[in-house]
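Read from first to last, the chains carry the letters A, B and C; within each, the first residue is number 1.
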Amino acid sequence: MNGAPFSFLRLGLVAQNTLREAVRQRLLHLFVGLALALVLGARGLQDFNFGAPELKFIADCGFGAMTLFGSTLTIAATAQLFFSEIENRTALTLLAKPVWRAEFLLGKLVGVALLTALFCALLTGLLAAVLWVREGELMALDPEGFRGGRAVSYAMVALGGWLQWLRLVVLAAFTLLVASFARTQVFAVVCGFGVLVICHLQHLAQEAYTRAGSAVGAALGGLFGGMFPNFQMLSLADSLAAADLPAPGTWLRLTAYGLGWALAAGLLAILSFRRREI
Amino acid sequence: MKSRLGLALLVCAGLALAGQVLDPLVAEARRQRREREPSLRLEPGVAVAGQGVTLALLGGFRALVADAAWIQMYARWERRDLAGTEAFARLVTTVDPRPVYFWLNAARILAYDFPAWRIESAGGYEAVPAAAQRAVNDAQAAEALELLAAARRRHPESVDLWVEEANIHLNRRGDPLAAAAAYREAWARPRAPFYVARLRAEVLRRAGRRAEALVWLREIHPALPAGDPGAGAELVLQRIRELEAELGVSVGEAYRPE
Amino acid sequence: MAPALEARGLVKDFPVGLRGVRLRAVDHLDLTVRAGVIYGLLGPNGSGKSTTIKALLGLVLPSAGECRIFGRPSGEVAARRDVGYLPEAPYFYRHLTGRELVGFYGRLCGLGRRELAGRVETVVAQVGMTAAADRAVETYSKGMLQRIGLAQALVHDPRLLILDEPTAGVDPVGSAAMADLIRGLRDAGKTVLLTSHLLGQMEALCDRVAILAGGRLVAEGTVADLAGGTGRQQLEVDRLDEAQVTELRAWLAARGRGLHGVAAAGRGLDAVFLERVGRGKGEGTEA
């Protein structure tokens, strides 16, 4: 023990400052604006007069906006907030204080996690409101079609928002892992998008190798795939019905899975950042 | 250089270890999901839809791509474009086979709208001979049933798919016995609504299979909860009595609810 | 008592390019800074001053050798409790006000909320930034940034201050104010390690200096040791005409001494500037 144990207070201060800096960025405002526009724009689907499935379309559109803009925002914000500290040498001043590098890096991660939490909460809330209003309108138009009451489970919508957030936190942790050793911000951003695609596709690649019957391919696919989380698991199943709501145990396991990956990537980022020359 | 390589190997090893530790947390959820929704395959039908669609799918926007394709399908449906409507309907069910809604509505379009369009384009119901109309109806119904069969491989527990199959047998093929068989399958699914069982009996009765209908109603009646208007236990009992009267069932052999 | 700073056999190599060629920034440096002095680190650009400071602060890992702060290895986080650092051309979080910035660093150093408020006021006043303390840092001039930077370095009342080019880009008034501040810190018992390209200012400020070149220590000692020792003196007298100069030269020669130069004594532009602008009346400076 060297007299300055790891401090969650210092970590929190770095996180708070990171969040404060992030919410002032114009890029964030742009992405939030675009995502909000897309969610509200989903209301335009009523022109097609689909009936109850229209609600699913609106939900797909909302969650799609969250995935698209949320992922872009997360990768860009993580890389930008990290490299601005290095390039502007604010990291020098900060790490010259009695601050652990782990506190600095995890503080950055928590700051971005708070930012994405605000983003997901805002969009999930808006999506739920749009769905609620439209569902009410549809119920008035077609009472027969909604005999069993509301078709949308709003707990399921909340779960969708929660899973989106978990995905974004994992993505932030992986981007930070790359940034911890990357020399340029562009490299970290490109790798962040690469991780996003791999996490979406790794299960497909594994299944494709298995189907192809290639033992070497399957082994390599398994090894490579095992190094990345499966984002398919952190996405909502197709249905928005209450009957399909996963049991609390499943929620908890998915949460542990997402946060576990974020923690693992965060710890490896600390390991890599420990030896970085500032 | 050596230390950077060492670090890279260490990070890879750490990620692989994390994968090993965390994967069991979602093993059960993954198994369940695989059963419910098969994985996305980039089949030729999807690849020809263009690079944009493929890229969007790879980026994890499966549902959005399917929704957009479904709207495109409707645009062609409004123009009564047979080839375009069918191509987009099949693209949607290939891209995102998870929503039953897509399968059901694609089957309905094939079974109901397509015959009407084909007959009208051939001169209308007045001009086209009845036999030709029947052939068109049968051909389209067969295509729709094939699509429903494919849908059931994806959604084996879906009641709606069996009910739709029964409707097509009944309305397009005029085959009440096949419809009755489909209703039986629908009733066997979990969370099947009570009306499905009653419909099977009604179809059998109208097809002249009153004895079968009576056996069926006696079989299902004990499972109907009393006091639930949706279950219609009273109605079913009333139908049992009617059928017993029509079939001359003696008092001793009459159904006695427990 | 352990020295404030100590480097023993410090070597720092940086890999350059993909082939792993190494550039030696600091080459077997031995340095000891006693407590309570102003110590100047001099050297041309690329001489290894900044790398040495980073190594002393534990911000880069030495390739060989060791650094200690008050006897503690500088890699230890706890060792930095005793250090305040002002980097060269500091850049701070733009969205914070000066007061918030100093408070943020104070909290990072473990100051409690109650103690913090008082400390922030004290150091902000000490660097003459009270009037501008509630403005966002992004509106500050270079000189104000240096001063708020010094305030964040002082906020936790460290025993050692490391100031990297604290007067770079600062006007002469600000520079003189900074020099006064640094002297004040030394008088209050702090140790100050200082780098600057303004050799005149370093000469006036520092008790000891070290000169680095190519990463090596080429000279070290008190200012008097290094800059004195010519065996000559300067006399300042009222203006003499040519005949009087000749007479003085003869008088000196009779005593075995030489007159080596005669020049008009100016007040120097610094003095004129400070007199006209007024010491303490520079940009954002409070009297």
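Criterion: contacts are C-beta pairs under 8 Å (C-beta built on N, C-alpha and C of every residue); 3 or more make two chains touch, one makes a residue touch a chain.
Keep in mind that this is a model prediction, so the values were computed, not measured.
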Considering only mean CA positions as chain centres, point out the chain farthest from chain A. C
Pick out whichever of the two, A-C or A-B, is joined by more C-beta pairs in contact. A-B
Using CA atoms only, can you tell me which chain is the most central one in this structure? A
Could you put a whole-Å number on the gap between the CA centroids of chain B and chain C? 79
Using Cα averages as centroids, what's the distance between chain A and chain B in whole Å? 33
At what distance in angstrom does the C-alpha mean of chain C lie from that of chain A? 46
Hey, what residues on chain A touch two or more of the other chains? 275
Okay, in this complex, where on chain A does chain C touch? 2-4, 7, 9-10, 13-14, 17, 20-21, 24, 88-90, 92-100, 275, 277-278
Using the touch definition up top, name the residues of chain A that touch chain B in the complex. 45, 48, 53, 56-57, 60-61, 63-64, 67-68, 177, 181, 196-197, 200-201, 203-204, 207, 223, 225-233, 235, 237-238, 243, 246, 250, 253-254, 256-257, 260-261, 264-265, 267-268, 271-272, 275
Chain A contact footprint on chain C (complex, rising order): 14, 54, 57, 59-61, 72, 76-78, 80-81, 83, 85-87, 89-93, 95-96, 104-105, 107-110, 149, 152, 156, 162
Quick check: in the complex, which residue numbers of chain B touch chain A? 3-4, 7, 10-12, 14-23, 25-26, 28-30, 33, 36-37, 39-41, 58-61, 63-64, 66-67, 70-71, 74, 96, 98-99, 101, 191
